[in-house]
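Each of the next two complexes has chain A plus one other chain: chain B in the first, chain C in the second.
So, the complex of A and B:
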């Protein structure tokens, strides 16, 4: 009882049903991914898991390419709409320069550093916490990130800095931390009350010339490279490469770095022992015009 | 007569040739305008992420998208509040799907004529095909402030008659914990395999039968877990969303506003699930759900029983739906979604009491009504399997097999298979481009459904119904 038109429609439907996926299949194959597979640096190790770049290609394309771009140069389609300092530009993996490292300034990060960054994300940026990935997926992505830069083929990652055990926080240590804060002039960018309003704050740019904001300790955000005391300690001692935040490894001693950690906690929004102690001490902000504490030039 | 017929054939052939040519051009255009691979574009635009970041294939969420939703449509990167957006940003997306479909239904009762006079009725297959539209959805959602989120979805049928599909506000991360979030309003139940994000569009394949099943003659419209419901939900999850739970208190009114249905009764919907990292295979999730509640079978009436007084439902009887959910991944390309269900309605529902839509009811459990002798609770079991092959974020192949089997009919002596359903769906969705701005999918799908004993009798005992639908469409949103 079917009319000719109905039969034609059926055939057309079936033809279209079959034709499109075949056409798209052909288009989605590229030779490029194979080239990446052969790169010698396209391997990573975190714990007992080994990652291979080729296994991350699909995840990179699904999740990352919109910002970081096909070539890892940070020029994905979205990059043009990200306006620093509110929305920092995506990382250019080709440069091999990373903020969050456990290694000294100027050296390459470890695989674990990149692995942690992927799960932690980057607060106050478009980089989310990719914590839903499996460990294997993240290790594969580390390998993928690494092979964008020739640095990984020619250099080894730096040795992670040693972080001494965290001492007990005391009022004296908090006061000592304030002295360190004044001496190394953290306030110039972060402000005397940690509100990111120091005299240099508005002039800060990253290595690529894009405006960048100093961290505001008071607004409740997490520091970009982690919010534990160890993470904050590590930030002083390694610096955030590619940004105006230098490494203070040559300027402050390990115990002073801990003092500074405790002092910075007094600025932070979250309740802490340090905040309570600072309140009991009636601790005043540093005075930018005061002479440096005696014996500390 | 012969000349006219020849002209008709020629016209048809001409039309078919043109149609074929246009189809080929469309196929060619879609296939060649592809870009290297990209849902709610309002979210994609806000965060600059491609559709593929949150969707296995738009609109179905992947684990990252599920976590984003569970966080109250927040990435938790301290840039979620509207204050960080350009003031011109307006979180609105529309979605609609123009389609062509061919629908074939077996065993339809059709009047027969001879000599211009009605002679009786016959059972025959009806096949139709036409171009059509889906309804139009306006999605608007996001954050009002950090940890204050909302979702409003005015939705229309194809004639542009609107209703509120979703209206809810959420308090997120209470006391700084992802384990405590509260949602109030009309919202989708926390179904891991979301019907609102279903990848298929046909009449029978575009829903999960398990989420709406009612035994033949059953009057309980209140147990449809695929329908958005009015209520309050408490939900929470671990930081990486591996562990999830939700508990919702719902009005037993199937999401109908203004107390028309089921007033004075409540239901509960509970879910819990746990995901496991299985290395190269991916993340596997298993969970369980339970939808339990009471719903009315009696309404006060006025006008001699002609009119039901809205909101007057009493005579509450129980119902339940419970089952397991599994999301199993086999590497980066293949996954299998599984949902099981055991359902039970009170015998009153089984005998047809309870169905109140639009203020009328055919059966009302008024004082003194008694159940027929032997009437018992109807029960059933069902399962659905939905495998996917994700070639890339731009191309997904979908299959589904769903079956529901009655295990106990409400009326003794009823055919044990009456109302059983089996349905198969296959299809694919191809997104020729993928950006953070808009979504477009070329959608092809075929569905076949079989139900036992619901055809016209006409002397045939328990005639079975088979329907099939072929659908091609452009599914897009912006």
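So, the complex of A and C:
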């Protein structure tokens, strides 16, 4: 039998042990929260909802800080265990460079773009879908993400690219899309069958020098920035900043861009009208050794 | 009647001012004709530059009849260092510092290499990226966005029209092609007049008004060096540099 004193000291020890991390957490977060609240009042607007950075501090602290870090530099505790290309490193918010944008390469994304990314998550990365947040919470988080980079104080987001209405899919359009695929040489990285096995695929690196994989259209996962036809259109017309994927806006006309979207659909695992048509056309992959159509725009 | 005289007076004043400006103008451009010349050399054995394996892209292999090497340190005749950027890091004031040249330097993608390997330019000066190749390149500069220079990434398939851009801040900006990973070059963004060395290591910085200056030489692998130069009216300044081989 233990004495009363022994029992008490045991309880005290256990309580102290439990309280220690809590105390240090509380102290750090109080300081940090103060700094955060005095930070420039970053706001965001999505639809008719206005987000305020300071309202997202607690959510960021609880759900995001593990990967994206206290300072938003992508150096959270978990970051060291994320190894590219299988697990891309968390985004460094201080740089203000984002993959999924509706705006031209080299410009800031819109608030909607960031909002969509939080909700959608990032396929083939550690970033989950944050569908548990309310719309207000997500809009607040957008403001929070923006407050890390001085770029938002000095620059405006780019003008979203204009996407013409989607035309009807026809076999002619799919064939025309194949010609675009051959002309701008998407296959150099993505491969002639969209299997991410083009000649340049193995040496791709991102802006930080980490290895990165080209998108494999055939394995059934979603494109990184969403899987609607508009999302795919946007990817190659804006580029994925920070990655090897460039913008083709200067070299693919809007109507050709739709043709290319339809052709890319034929690679995808999911059944589609495009896939059926390609089958009926008996469409062969492009020939990587064919001389490129010279001087053509 | 009166107003007619007034008009004549104003008109003659304008004519006088204009002709005065014209008369003064040659003096200004005479001041702009000053220059700093010199040579940049490498002291020691030139480092081995790796050969480039272009077998990823048969077009690139065919385009280069002789083997191609990396261009980080290129040494020409007499130990002259090519692709060194020279600019005036101290002593420039007023228009000589802030004037932005109107010509547009060209960075060409030719035979799956960058020509030139290092493109110097003034902050806010427009420059062009062109392609002479029958293969798709992506032109992907990677500056530090904290400087105000924002990274971008654009494709240039065969026959693509030039990409016209400029940089806001001074910075050594690496540029690469992700499709052809050996393609690596630099945008050297400086403030004020600049020059890059030719294949013998010679350079001339033009449009330098008379005065005393600090000239800085930058080489991507060997770092920076500074030297003093004085430009007198009608006499070019001179500054020579020697980088020690690593």
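As a working rule, the second predicted complex is superposed on the first by the 261 of 297 C-alpha atoms of A that agree within 3 Å, B and C clash if a C-alpha of one lies under 4 Å from a C-alpha of the other, contacts with A are read in each partner's own complex, and residues count from 1 in each chain.
The definition used in the following text is that a residue touches a chain if its C-beta (ideal position, glycine included) is under 8 Å from a C-beta of that chain, and two chains touch if they have at least 3 such contacts.
Please read these numbers as outputs of a predicted model, since none were measured by experiment.
Asker: A:184 contacts which: chain B (first), chain C (second), both, neither?
Answerer: The answer is second: A:184 touches chain C but not chain B.
Asker: Check whether A:207 is in contact with chain B, with chain C, with both or with neither, and answer first, second, both or neither.
Answerer: A:207 contacts chain C only, not chain B.
Asker: Of the two partner chains, chain B (first) and chain C (second), which one does A:246 touch, if any: first, second, both, or neither?
Answerer: Second partner only, chain C.
Asker: Just to be sure I read the superposition right, which of the two partners does A:82 touch: chain B = first, chain C = second, or both, or neither?
Answerer: Only chain B is touched by A:82; chain C is not.
Asker: Is A:136 touching anything from chain B or chain C once the two structures are fitted on A? First, second, both or neither.
Answerer: Only chain B is touched by A:136; chain C is not.
Asker: Could you say whether A:256 touches chain B, chain C, both of them, or neither, answering first, second, both or neither?
Answerer: A:256 sits against neither chain B nor chain C.
Asker: In the overlay, answer first, second, both or neither for which of chain B and chain C A:151 touches.
Answerer: So A:151 only meets chain C here.
Asker: In the superposed model, does chain B or chain C contact more residues of chain A?
Answerer: Greater contact footprint in residues on chain A: B.
Asker: Touching A:116, do we find chain B (first), chain C (second), both, or neither?
Answerer: A:116 sits against neither chain B nor chain C.
Asker: Figure out whether A:97 sits in contact with chain B (first) or chain C (second), or with both, or with neither.
Answerer: second
Asker: Enumerate the contact residues on chain A facing chain B in the complex.
Answerer: Against chain B, the touching part of chain A is residues 2-6, 8-10, 12-13, 15-17, 19-21, 23-25, 27-28, 49, 55, 58-59, 61-63, 65-67, 70, 77-78, 81-82, 86-87, 119, 121-132, 134-137, 220-222.
Asker: Can you list the chain C residues touching chain A in their complex?
Answerer: Interface residues on chain C, with respect to chain A: 56-58, 134-136, 138-140, 142, 145-146, 148, 150-161, 163, 178-181.
Asker: Which of the residues in chain A come into contact with chain C in the complex?
Answerer: 94-97, 105-107, 149-151, 154-155, 183-185, 188-189, 199-200, 203-205, 207, 239, 241-251, 289, 291-297
Asker: What does chain B use to touch chain A in their complex?
Answerer: Interface residues on the chain B side: 9, 12-13, 15-16, 19-20, 23, 26-27, 30-32, 34, 36-38, 47-50, 52-53, 63-64, 66-68, 75-79, 84, 100, 102, 127, 129, 239-241, 277-280, 282-283, 332, 391-395, 397, 428, 430, 432, 435-436, 442, 444, 446, 470, 472.
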